[in-house]
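Dumping the structure here so I can ask a few things about it.
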Amino acid sequence: MSFFKGVMPYLVTPIDADGTIRTPVLARLCDDLIKAGVHGLTPLGSTGEYPYLNDEQRRRVVATTIEAAHGRVPVIPGVAALSTHDAIRQAKLYQGLRANGILLVLESYFPLNEAQVIDYFTSVASSIDIPVIIYTNPNFQRTNLSLKVLEQLSRHDNIVALKDASTNTGHLLTVARRCQDRLDIFAASSHIITSVMMIGGKGWLSGPACLAPRQSVKLYDLCIAGRWEEAARLQRDLWALNEAFAKFNLAACIKAGLALQGYEVGDPIAPQRGLASDERKIVAQVLESIARL
Amino acid sequence: MSFFKGVMPYLVTPIDADGTIRTPVLARLCDDLIKAGVHGLTPLGSTGEYPYLNDEQRRRVVATTIEAAHGRVPVIPGVAALSTHDAIRQAKLYQGLRANGILLVLESYFPLNEAQVIDYFTSVASSIDIPVIIYTNPNFQRTNLSLKVLEQLSRHDNIVALKDASTNTGHLLTVARRCQDRLDIFAASSHIITSVMMIGGKGWLSGPACLAPRQSVKLYDLCIAGRWEEAARLQRDLWALNEAFAKFNLAACIKAGLALQGYEVGDPIAPQRGLASDERKIVAQVLESIARL
Amino acid sequence: MSFFKGVMPYLVTPIDADGTIRTPVLARLCDDLIKAGVHGLTPLGSTGEYPYLNDEQRRRVVATTIEAAHGRVPVIPGVAALSTHDAIRQAKLYQGLRANGILLVLESYFPLNEAQVIDYFTSVASSIDIPVIIYTNPNFQRTNLSLKVLEQLSRHDNIVALKDASTNTGHLLTVARRCQDRLDIFAASSHIITSVMMIGGKGWLSGPACLAPRQSVKLYDLCIAGRWEEAARLQRDLWALNEAFAKFNLAACIKAGLALQGYEVGDPIAPQRGLASDERKIVAQVLESIARL
Amino acid sequence: MSFFKGVMPYLVTPIDADGTIRTPVLARLCDDLIKAGVHGLTPLGSTGEYPYLNDEQRRRVVATTIEAAHGRVPVIPGVAALSTHDAIRQAKLYQGLRANGILLVLESYFPLNEAQVIDYFTSVASSIDIPVIIYTNPNFQRTNLSLKVLEQLSRHDNIVALKDASTNTGHLLTVARRCQDRLDIFAASSHIITSVMMIGGKGWLSGPACLAPRQSVKLYDLCIAGRWEEAARLQRDLWALNEAFAKFNLAACIKAGLALQGYEVGDPIAPQRGLASDERKIVAQVLESIARL
């Protein structure tokens, strides 16, 4: 049995320049995404600029999301830390807020060996009662999760899924061959999602899904129905979104797109900046091109 | 219309310790691969240890392959050089031997700008009358082919296809969206081939196909028939081959596998060495596991 | 005129498993280092495991160091953040605690362009009245400081020095040729310090100096006296320390060495671990080998 | 006893667009460099574009250099190959031409383990009777020489020196501490040469020395005389050369500079190109700035 499935958008963090979370904007975005059919919500991912937020800001984002979801879909906030102690603190806090799971990231500074990596993930997973998706992103974390580590983590009762944000879908197939009966596989927007679904993936977590929830759900449904050629055609057209977002700061892109769609999410957190007007035009064109899909 | 399609194995170079090409072994391998249904043969790729061979050795490999193929399938030798002058010399030589196309690689030492990269490929392609597959491998070549370069090269009459040996299948989808009507896309064994076929790929060039020609052709046929789920299942099992070969020296692996299948291809060229006996056992197990597929 | 000069050890953070800072141990270490002749103290560097500490732990470390130094030498805590807002908050807090300067780091997650990098450093430097050493470490920060950025930052009144933790001393010579009249240059333990002093460096900030304060001061004095060949000989012998520490987790190494010297600094913060007993032996041997210098 | 010492310029390869070596230009350059006081000549390094040359071109370059040197200084051509067999062939050929030593490089394609690396170097060194300088350049060769490998190679009778082209001078100090009594250390232009001389280096091999032979010899003499502060001042001014050359294709830079000095060395080999006119101006300015030194 799978705990989670389908399209789970990474939420942006609507925020003022002074650091105040714009909770009404976030709540409306959550409500609209659920009405568009998404299967879960993941606050505090990269798209949510989690590394730029302090503890109190993070707490508000998670609480607002859970309240807005109101039990209609699972809410799975990101937990990311360098120290085990800090990760456990976050995980327990979000469980207390009634999160349905966590997306667990190991940040890194000094190199860790495999025993230390395993220690981190299992200590955090053992400290809570809700399921854990482990997340590996070689672009942002220095410590990669080896096959051996994944195999061992897949045997922990609370660790139920893996989200891999590399561009190497072949690596996911290798993981699937070794751990798929114990670990659900989720794609990221860096993958061709149809490919991941075809090798047995359960769904995907991605920032761009904020901007195209309806089309993303349609893609998911085509995959589930085994209508692979239609899925591949839709995927090909939706890929325009990935291409556009690979060019710019991810949070800036999605915030710009949401602003164009009427959500006042504000700029990314300084020293990041919002998109320039010519960049904004590219995002507008892409949104228009996928609106018909 | 596509010039090339299907499964095109990269041939190993059977060779003695003193540098003599074992032409009878190579000829027999070519014949057996063609009888197993492969759609083309590519001597002098990475698998063929081309960078370790001198001009005369390369010439013998190409001539032997063309003679053995005897027109049944196209033969597309690799042409790789640092200087434009040397690449043109090789290309003309192989055309003179009646090769059906070339696989063109730009080696690099000092960095080149985009104009210089385009200059290399177009100068070589213009010097011959047979079609060119351009080949980009970020693991071995320092100079990557940008989208802008690919777009421009795709407009050259003689440049008909791209083989990409990165692990980033999403990049191939981006190329396909931009150039697919002018540039056929071929996968490498670093990709999940089913994924590349689903996004419109025409086939694949790969070393491991030497060891599993029949299963590779079966996979190709399933893709062409749109039987995607069967293809995905076969792909998943065949992936064992890719996993094994990612661990060791590629040429050593394939030479070890062919030796197990009765081809006396010899060791890889020194200072490379043949596989150790425990490594050989892993290759044997994998070959056994895929024999039934 | 230079604001800072000489040997400024990066302090470890003595800490219990439950996260309590061992302030008496830290105070005694500070006092002993000052008595050994060091010219300044820098809490909250990499050696101090700053990324693993929360706000309150950081505050205690800085307050304890400043109190222990008691005005005898400058105290320059590290300020590191992703958001400008957070860095300004830290900088003002430490200024309020009477720090004599700050060591300013830009952490990074999403890529920043040069204008954004400059914005971060100048916004923080303008928010306080004490001098700023900017710190660039390509091993840990994704965003490198280009020559153009350094040149512009060197014109800010509060930005007085640069510490570079790459291994590329030639790059420091290039910076010196462009900015040395406006920016003092400090070496890291990844450099050959004698080389940096010879090209005009003002001193160095390093973790290993915690373990060899007397020998480090002696090396500094030889450089200042122009006794270069004696300096080079001493440097060569002291390099054993750098070699040993390149092998292991830096904080674990220095904590192990300090424990051997009688400071109960505890283990590095989990999931990091203390050195294994055979690793500890290597550290003990090195400490013995340099004790006589 | 050291076999080689001092300033040994890497020679460019003067060549026509059709591939003819301009032997009179090369001979005149060799003669002028010797008259300016250099201590040796090294044809077929990176600066000499060796990877772009065929066997016959290489032979002509080496023969011309040896003839021009006429025994006044040692000539040490580069030998670089992927296969042991090819490297031995080159080494014997140059020994037959009366080269005084070789500079031995291991090119790489497929990864090699340490035993294979050692096998390559010792097989080549054992095949000839002249001394070998081993050369490691992490920018161009995939296979780095570990300390363990260097230590073992340093025990071979014919292997007398190491040239390291990384930017990490600290690594050279580590090598010196382990192998200096058996392996002379030479710097590259990526190092601050004064630093390498201070830690015991015997000299340097560098392309830019072609353009500033007199000043390079002066720098060497100051180091040998222990006049370190004067050396550091001269080094600082000469560094302008390194800064300029880091910006462009190395061969193109040095060829442009030599053309400005009256040597008709031609353009770099295509698809490389000569410097653009604005780039040529930068080289001219730098040459002027160092002419007075």
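As written, the chain order gives the labels A, B, C and D, with residue 1 at the start of each chain.
Heads up, the rule we're going with is that a contact is a pair of C-beta atoms (placed from the backbone, for glycine too) under 8 Å apart; a residue touches a chain by one contact, two chains touch by 3 or more.
Just so it is clear, the structure is predicted and the values come from calculations on it, not from any experiment.
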Centroid comparison with chain D (C-alpha atoms), farthest chain: A
Separation of mean Cα positions, chain C and chain A [Å, integer]: 36
Cα-centroid distance, chain A relative to chain D, in whole angstrom: 51
Residue list for chain C, restricted to those that touch at least two other chains: none
All pairs of touching chains, each written as two labels joined by a dash: A-B, A-C, B-D, C-D
Residues on chain A engaged by chain B in the complex (per definition of touch): 167-171, 173-174, 176-177, 190-192, 194-195, 198-199, 226, 228-229, 232, 235-236, 239-240, 242-243
Footprint of chain B on chain D - complex, ascending: 19, 46, 49, 51-52, 54, 82-86, 106-107, 109-112, 115-117, 119-120, 123, 140, 249-252, 268-273
